[in-house]
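Reading through the structure tokens given below for one structure.
Note that the chains take the letters A, B, C and D in the order they are written out, and that residue 1 is the start of every chain.
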Amino acid sequence: MTERVGVYVCHCGSNIAGVVDVVDVANWAAEKLGRRGVIIARDYKFMCSSLGQELIEKDIKELGLTRIVVAACSPHLHEKTFRIAAKNAGLNPYLVELASIREQVSWVHTDKAVATAKAKAVVSGAVSRVIENQALEEIKVPINPNTLIVGGGIAGIQAALEIANAGFHVYLVEREPSIGGHMSQFDKTFPTLDCSACILTPRMVEAGTHPNITLLTWSEVTKVTGYVGNFNVTIKKKARFVNEELCTGCGICQEKCPKKVIDEVYEAGLGYRKAVYTPFAQAVPNFPVMDKENCTYFIKGTCKACEKFCPTGAIDFKQEDQLINLDVGNVILATGYDLFDARRVRNDGYGRLPNVFTSLEFERLSNAAGPTNGNIVLRDGKSTPKSVGIIHCVGSRDRNFNNYCSVICCMQGLKFAHLVHERTGATVYNFYIDMRTAYKAYDEFYQRVLEEGTLFVRGKVAEVTDAARNEREKGKLIIQVEDTLASKQRRIPVDMVILSSGLQPRRDSKDVGKLFGISCSTDGWFTEKHPKLDPVATMTEGIFIAGCAQGPKDIPSSVAQGAAASARVLDKILQKEVALEPVRASVDKATCSGCRICNGLCPFNAISFIEDDQVTEINPALCQGCGTCVAACPAGAISGTGFSNEQIIAQIDGLLMKNLEMV
Amino acid sequence: MKPKFAMYWAASCGGCEIAVLNTHEKILDVDANFDVVFWPVAMDAKYKDVEAMEDGSILLTLFNGSIRNDENEHIAKLLRQKSKILVAFGSCACEGCIPGLANLSPVGDIVHTAFNTLTTDNPHQIYPRTSFDVPEGELHIPKLEKVLRPLDHVVDVDYYMPGCPPESHQIAAVIDLVIKVVKGEAELPPKGATIGVGNSTVCDECPRARNVKTIREFKRIQDIAPVDPNLCLLEQGIPCNGPATCSGCNARCPNAGAQCIGCYGPAQGVMDYGARLITAFSSVIDATEPQEIERILDGIPDPIGQVYRFNLAGSLLKANRNAFKS
Amino acid sequence: MNKYLLYPGCSMDSSARAYLESLNTILEPLDLQLDEIEDWNCCGATEYLGINLIPAYSLIARNLALATKQMDSVNGTGGTRTVITPCSACYLNLAKADHYMQERPALGAKVNEALSAGGLEYKPGTLDVRHLLDILVYDIGLDAIKRKVTRPLNGLKVVPYMGCMLPRPDYKHRWSDHEHPTELDDLLRALGADVIDYPLTTECCGGHMTQIGPETAFELIRRLIAGAHERGAYLMAAVCPMCQLNIDAYQLETNRFFHTHYHMPILFFTQLMGLAFGREPAELGIGAELVSARNALAHIGVEVPVTQEPATPRKKDEGLPMPRRWTRHEEKEAVK
Amino acid sequence: MTHNTFEPTIIGFTCNWCSYRAADLAGTARMKYAPNVRLIRMMCSGRLDPTFVLRALSEGADGVMITGCHPGECHYIEQNYKALRRYLLLKRVLKGMGIEPERVKLVWASAAEGAKFAAETTAFVEEIRKLGPLSWGKDEGGGMKDEIKNGDSSLTIHAERSSFEKEVAA
């Protein structure tokens, strides 16, 4: 045995030492694993502390250690720390192995003896494995300074502006004709009641005119290849049928277009738009798009009113979808949320009972630029409600739909209560499960709404119905609810019901996740690298997330995440290059028989066949290190660094305590 | 004095011995350069003569056949003791070969099958026993062991020469090499090496054209008509073991229109031959749904026979669980 | 051929004869075969479970055990494992017994102990208990039903009444929603009827409260009838014999109790299916209901032959007059 | 070792991106599960060479748990399907070797499914506990010969029935 192995067992305060007898593990390793090359085994309170690291560095230098095993937490937390320590002491960082005895032992088991025994096995596996480790060099690749941001809501806009202001180029891709996202549909924002458009529009304009930002609206990402620093992205720019070079955004085409269409997106189905349209007056960019499905010309072959009246000849019926190919170094996904479809909660009556509205519908109703010019009226478009019920948690905190809390609905419900009260003087009831008004100035707003005389009923609404039981209920919507504070069943007749619907992941969030190689939680929100310490990074290097795509959140949090993600991207850009894990596969050409079994296995096209030599080759720049071909090669001609056969077999044997000097 | 040569035939069919004969005039070189001291199939010899030899006095022993009974084991240990170079010669000695498939059954079943099936006329239910008293004294026949073992499970082996049997041209080349070593004209390969083989797998020597493979159905070769003579057999859905089988035979079977069945064993450095074939066959399956994958796998009706025909005893698992338990 | 085992339940033979008769007329067009469980017994209806659990479950489980036995003997184990019931109460009871025997192994063991006395056994979870409506919508399919319609019920304004026992608690998630399921709406729409959204579709009809607390039941019945009436329905469609009975038989008393004059006929959905498939009212038991559907059906040109109007039912509460109370004088006189 | 106190030893292969992180998550959330599984991290379930499973089983593991990303969610796009195919063929081979196919289990667990990871682990340990120890090849080799010498061998089980033998002995 030529290797000299040092084993370091961490107490992690009481996190490990509370369940695992760390002293016993260290002594055992020194005694029983000596034959495998362990010459020193120590235990220490916090291995990751600078003193702990120094301990390792000192031993490497003084005892001539050639391999290090640290039995501590998950390698995903501190592998890097100890690799750097080894490097500082002149040892190749890849000769360090972490044995996870916290996440995999002390935190998940309770019996001290059993946990200690398992910790020994895990250490034994790591020692066996580390002996087979090879000295590796990091793979350095340059970072392309351009950034792709997907989603032009407030989170995406914020991120784009931060990066652009720092002097780097951003491609901002938005599926809709204009950037602005959900925030552009709102009237007021809680708790300050700022006008949403007033604070958003300047940001949109800034993003639209920034020299470092290329806006790609009415566009979607269709393909992503490559890796951190070197992504290649294909974007489908849908035909607008309006030449952006020529269009001045004067709006005459919209005015002249004879075709009215219900606007399901921006107006939430409450208002109309034309077949050629910009979704709203402050749209950025303000070039209209033509809705091919509804345009009379595309349906019947005649009309072309827009073309006739366009002063600059910008209408182009022959325009086609365009595929744009971009090289970018990093990606921020700020794809936002979908509103929970309240029709799913059938007992709340949305879609059946005309005067049940969703939150987004109400936002449009109360918006001065909306279909009713801000008049809060019933579905008949005329009558003002005298009483309004606002139901919280619709589709949220409900195991029939979504278990999670949608975060914004309470404050949204309070905002609605205030607006209804202010504009109509109606009696307002709020039906809530729990009132959640965390964050700055939120609870004060709740107090204010309370003082305005809004009535609050704590209870989950059982039913909204128009089946009256008595005269008082005739012609009303009756809200049947258990008032859990008064322990009473109540039937409250109102004129209007507003459902504070929850937020949901985008319908296609799983597909988008797959496209960019990141995962989604079981609910469908993008999964962050660490829920507390790394909320905007993902498991895939170079892909970041911001805003509601990561989980329900309000505007300030979305903006903060947009900024945070951009800071992470700038960090990468400024480093100019990124070190990749040297986990790669390679083919031994002498052993390769050219059977071509592996040729169909690589989704990254790293494997190619050299016809002349009749052997297979792996391109290390394209290889992502999954190891599938290594496992597949029938001749054993492909080997993989970092996770070699020798390492894994040794670890199996070690974990099974093979060849142990037993007492 | 000429260096000494021995060859032994343990649990095997004898094909290896024929393969040596099949080297034609090369066999005369053996006689010319060696003093053949023990070769039961070719000359009369007694175990006690071998036992009397000095340890390490035989330069080269070619041991063919695997270890099925205690006699095999005894001679393996004896020859190890007396030989400088012990070669596991042929698939049986290297990895168990066809006799190794007996490891799928408990030894009792094997004996029972041999002595008591419909085709065996054994009206008195006579079964062999290991020792038997007769007026002349006690008679012994070798005792069968639970499982069959390759040579290196019993003794330390210097070189492996696989094949069922090893190709005669490879035997000739090895004989030439050893003669050169004796004359000081060449050096021996490192201990533990596989000799008389190529350094890749059968595909390396196979002339058939190969493409990226996607299989939606595995078929037996007799169920395909006609078999494309120029195209990779696996691509035609025939489970050919060539991709995982050590080269050295000049792709004899695929050249003759039949799939490789794997007699040359795994490529060098491979730990388990069957695992290589499992991964090779499953890699080319073109399906993602479990039911569809299972349907395609039904095309390999005898998975063990397919992936371990020559290798069962030498594989990681060595034998069926019932054989161990017997 | 879709084959199922049928657990008809007691009311199919008595109060809900029309249900059975109409069901029989739609079997053939829908290529449906229902084999009755031999020697079945009452499911215990809604009350027995409240009185004594083990006997009640045993009573129910006996039917499941018989069904299993019958299936095994007829089809081998590979045949249908589905038992269907047309009655919501029976459906709920059978499903409930299956569910709780599985969830609570001790209960299952006790029940099986009782069953073993009759040489029977039931392994919970081995049968699919489903309601007739479920089968029609999800197995036969609305398209297949639509294809058989020869007399679309166009213009027939009908409210779908599912009742409370069918969609809840829905152990196996068979229905589209527990509060507002739309399977019956969809089915009636497939027949061509004008289906009115009926928010009361899963409200209770009062069940056996008509027997023990009539005033409670009357209010529940009133809400249902009034709701249908206010929405302009000509008639209601029921899936449960109990619902149909309560709405139909107690409508007059409800009207008397509240001084109202509702006339809201209620028919089984199978009767409407039979009509749509071109059968005549008489074959479907139409005309036997107490609140006549004649005028309702006249809207779509279906003539219901006049049968003898049932005699005005006697006021139940009033009873026969008691003998006049004696005065003390009279008593004395009599004793003399 | 009696059946009741049998504690299975199980080797678990995990994917760096999903199941290993699920295990981390189970840890962070302090979910408790059976301590019998010892994990090996690979970059992807596609790295799983059947050799590893065979090695684990032949070296003393009572079961092997293979975990990977859900179908369609592989970090490397589709490599978990390759693991699935190998697993299905491997199971057939194991069956032929007399090993209950249940001893090798494939579980999909995403990085978010710490609870699933914990539950599946505990369930698998219980399954293996029911199957009993595998102790692969423990009875192999030398022990057999002693049995033969003691006359307790399958080779001689029918010997008493042999009338011919008795005649010769006489």
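Just so we're on the same page, a contact is a pair of C-beta atoms (placed from the backbone, for glycine too) under 8 Å apart; a residue touches a chain by one contact, two chains touch by 3 or more.
Predicted, not measured: the structure shown is a model, and the values here were computed from it.
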Touch-network distance, chain B to chain C, counted in steps: 2
Outermost chain relative to chain B, judged by CA means, is C
Between A-D and A-B, more contacting C-beta pairs sit at A-D
Calculate how many whole Å lie between the centre of chain A and the centre of chain D, each centre taken as the average of the chain's C-alpha atoms. 37
Mean-CA-position distance for chain B and chain A (Å): 57
Please report how many Å separate the Cα centroid of chain A from that of chain C, as a whole number. 50
Taking the mean of the C-alpha atoms as each chain's centre, how many Å separate chain B from chain D? 28
Shared-contact residues (touching 2 or more other chains) in chain B: 271, 276, 279, 283
Could you list the positions in chain D whose residues touch two or more of the other chains? 49, 51, 55, 78, 82, 86
Classify the chain contact graph as line, ring, star, complete or other. other
Any two chains that touch count here, so list every such pair. A-B, A-C, A-D, B-D
Which residues of chain B touch chain D in their complex? 70, 104, 106-108, 111, 116, 124-130, 133-134, 143-147, 149, 153, 271-272, 274-276, 278-279, 281-283, 285, 287-288, 290, 293-294, 297, 300, 302-304, 307-308, 315-326
Residue ranges of chain D in contact with chain A within the complex: 9, 11, 17-18, 20-21, 23-24, 26-28, 30-33, 35, 38-44, 46-49, 51-52, 55-56, 59-61, 69, 72-73, 75-79, 82-83, 86, 110-113, 118
Provide the residue numbers of chain A that touch chain B in the complex, in ascending order. 590-601, 609, 614, 631-637, 645, 649
In the complex with chain C, residue positions of chain A that touch it: 346-347, 349, 352, 462-463, 465-469
Name, in rising order, each residue of chain C that touches chain A in their complex. 177, 179-180, 182, 197, 199-200, 223, 227, 230
